[in-house]
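One chain, chain A, links the two complexes that follow: it is found with chain B in the first and with chain C in the second.
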Partner chain A sequence: MGVTCVCQVPVAEGKSVQQTVDMLQKKLEQLGAIKQGNFWVDCETYHATGNATGQPSKLLYVMHNSETPLSCMALFEGGPGLAADANFDVLMVKLKSHFQNAKGHKVESRGTRYRYCDFLVKIGTVAMSSSARGISVEVEYCACVIPGDCWNLMKEFMQSFLGSNTPELPAAFTNKAEGLYSPVDCMDTMSQYLELFSKVRKQQVLPGSGVR
Partner chain B sequence: MEAPPVTVMPVTGGTINMMEYLLQGSVLDQSLESLLHRLRGLCDNMEPESFADHELVYLLKGQQGNPFMLRARRSLIHPKAPWHLRYLGQPEVGDKSRHALVRNCVDVAASHSLPEFLNEMGFRMDHEFVVKGQVFRKGVMKVVVSKLLRVLASGNTENTEPMSLSYLVELSVLAPAGQDTVSEDMRSFAEQLKPLVHLEKIDPKRLM
Partner chain C sequence: MADVMNVGVNLEAFSQAINAIQALRSSVTRVFDSLKDGMKNKETLEGREKVFITEFQDNLQSVNRDLNELERLSTLVGRPSESHPLHNSGLLSLDPVQDKTPLYSQLLQAYKWSNKLQYHAGLASSLLNQQSLKRSANQMGTSAKRRPKVQPSTLALPTQYVDDVISRIGRMFPDMSIELFRPNGTSAVLLVTLGKVLKAIVVMRSLFIDRTIVRGYHENVYLEDKKLDIWSKSNYQAFQKVTDHATTALLHYQLPQMPDVVVRSFMTWLRSYIKLFQTPCQRCGKYLQEGLPPTWRDFRTLEAFHDTCRQ
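And then the complex of A and B:
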């Protein structure tokens, strides 16, 4: 578990989602990265029922990451998060009369996992209801747990294959009480994915992006 | 750095339902030592584990029906250990001849943000208490002998007072649904603890 940065890469001009993913993978392979299995990250949305007034009901996001297959992360947008074991999903089934699963809102990112020295790079196709909506890139620097100590190195590495698509320092790190020098945890990665998935949900469907 | 070997799909529906089989009884403080002595003899050969836990009971009031109850427990001896969240279903009504109380049970290990997270979900803490005691094992059976302590000031687990002059004794097994031989084994073990303690099936509804 190291410092992770998740960003969205726009689809290249005139190309499809799959073609852009292929281009990124090729760049990584030319750099010398080795393919090391697949990954997936998914996010399900639950809304609280039983709101007497007309308040918009709170949205609870339950996420899973193949990097931590026995865990389940639950978050409220901008609110507290919880890391729990896989039985949390069973508990959500028991809570179905209080929290309804918005089945059409499930977003997931699936793709290939690459390893380049101390970096793990995951390039995924973000899909909602089987239609590809965007591309996510996750870069993890496994040798460090303090963002302040390795951000510059990560940025330099990302520039070598993302070019102008390299992201800025994620808000997940700057928003913390102790700032950039507090150690990371799995919730930082998941809140970055949640931000990306929310952006993708709001985007319009890309033309010609049906996953066959 | 290798990809984790487990490629499991997340559990959404169709789960393995775990059931808790339970028998309960109590002993007065003065009889505790003889009970512990007998348990040390009957149970698996290992040092009985002492524990001190703080349990908070949360309720979620819905639009209709009974409030949903969740129990959140943390260890006072191992403060860094994860919280244990537990859901217990309604006792199964059925076979009157079944010797133990059977109810659906879901156990979840959770991080330390659990109380804040439950509040955000809409749960409100109903009551809390401290439990201190020992755990014994015999195969899959677990025997817990514990004292319940009332928390005098909310959140302060140093200041407690015992709720009674006795210790609660619980014999339980966690097994997948459908294994009815479990209650037979529990009953024969309970026989061996008589007359020190009488373990019986106590229906929580009868106490309300």
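And then the complex of A and C:
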């Protein structure tokens, strides 16, 4: 459980999603990172039904992360979130009358997980209904729990293999009530992924990026 | 070794003597050959006998000549030096089977090696004795007269005094909290929490710091049964490096007569780690070197360096 930063890497000019992912992986391996298996993060959308007067129904996002396989996170966009165990999915089925699953909106990111010293890097392909829509990169510095302390360190590391695609300090940390110097929790990672998935959903379908 | 052996030997006369031995051998062989061949074929018996006897006399005279020559040369050759460098074991060198049992040469090598070792050990001990590395105030090798007298030892301090010193140091730094436990008898075990960066477990022996282990702020410091876990290493390489540096620090800060000053200096040094992830290295200016932040803190100036940028 360390400070995580999730960012989206644009597909390189004239290359496909898979080729860009391969390029990133090769750069990481040149640095000296070791492959440590696979990861996945997924997100399902639920509409809150039964709302009084024509208020836009709130969207509940239920997310899973292979890093915490026995947990399930549920959050509203920009709002409160909760972490529960895997039975929460079953609970959502039981609450069918209040929350409806928007089946076509499931977004997931799958890819490989690398370890470099105390860093964990996950490079994944973001896919929605089996079509690759983008590339997600998550960098976690496991040794530290305060984002304000290690942000410069993480930025230096990300620059070494992302180059100009290095992101700025994620809004998840700057928007926190307690500020940059409070310890992180799993919700910060999930809200960053949620932001990325929402951006990907709004994007147009990339040409020639179908994944069969 | 050959030089020492032949110091009294005239090499010229030696080679001449060897030649003389060969000449003597061949003349003796000639004598026996002529005896074996017997008399040569001549007309008369007297002629045959005469020839045989002259030949025999010639051969014997040449043997005599060669023997005298050899005796003359042997007096010139001289004696090899009596003193064997390794006394009786020097006689091993006379064994002719050198390749099957190279005992003598191996023996010489062993002696040379052990002499060198002794010499180097002497040098090393004189260098090491210049630095007094004793961490306690007890002196070694006190004379029998002084031993019965009780020497004031800083190793047996009352626990209350230790508690007071530790709590005073804990109050010195606002971002560092020190908790004192005594899980095993009178030795104190401190749990030092430095901001939100790290937790260090310091095992003491009265007021001397014995061992320290540093782990991340979010790592578990307790065992299953709520006791402090003083043995397992940190899961993160950065903190494993900091543990090694802390061990170096507690060997560096030493003052046997004033242990509380030592504990204070150690804690001041440890406190410089509050900015472990925020400070770049003073030498290379970067935050990361091989994935590690600058984990070394200079003992005098408390500046941050990478472990590899240290020197």
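As a convention for this text, the second predicted complex is superposed on the first by the 211 of 212 C-alpha atoms of A that agree within 3 Å, B and C clash if a C-alpha of one lies under 4 Å from a C-alpha of the other, contacts with A are read in each partner's own complex, and residues count from 1 in each chain.
Quick note on the criterion: contacts are C-beta pairs under 8 Å (C-beta built on N, C-alpha and C of every residue); 3 or more make two chains touch, one makes a residue touch a chain.
Keep in mind the model is a prediction, meaning the values are calculated, not measured.
Novice: State whether A:Gly163 touches chain B only (first), chain C only (second), both chains, or neither.
Specialist: neither
Novice: According to the stated criteria, A:Leu91 is in contact with first (chain B), second (chain C), both, or neither; which is it?
Specialist: Touch status of A:Leu91: first partner only.
Novice: After superposition on the shared chain, which partner residues are touched by A:Leu153: those of chain B (first), chain C (second), both, or neither?
Specialist: In the superposition, A:Leu153 touches chain C alone.
Novice: Which chain, chain B or chain C, is in touch with more residues of chain A?
Specialist: Between chain B and chain C, the winner on chain A residue contacts is B.
Novice: Looking at the overlay, what does A:Ala143 touch: chain B (first), chain C (second), both, or neither?
Specialist: After superposition on chain A, A:Ala143 lies in contact with chain C alone.
Novice: Can A:Gly179 be said to touch chain B (first), chain C (second), both, or neither?
Specialist: After superposition on chain A, A:Gly179 lies in contact with neither partner.
Novice: Using the superposition on chain A as set up above, list the residues of chain A that contact both chain B and chain C.
Specialist: 142
Novice: Can you check the complex and tell me which residues of chain A touch chain B?
Specialist: Against chain B, the touching part of chain A is residues 36-39, 42, 44, 48-50, 52, 58, 60, 64, 66-70, 72, 74, 76, 79-91, 93-95, 97-99, 113, 115, 120, 142.
Novice: Which positions of chain C touch chain A when the two form their complex?
Specialist: 196-197, 216-218, 235-239, 275-278, 280, 286-288, 290-293
Novice: List the residues on chain B that touch chain A in their complex, please.
Specialist: 1-4, 6-8, 10-13, 15, 60, 62-63, 65, 68, 85, 87, 89, 106-111, 113-114, 116-117, 120-122
Novice: Once bound in the complex, which stretches of chain A touch chain C?
Specialist: Chain A residues touching chain C: 1, 32, 116-119, 142-146, 149-150, 152-153, 156-157, 181, 183.
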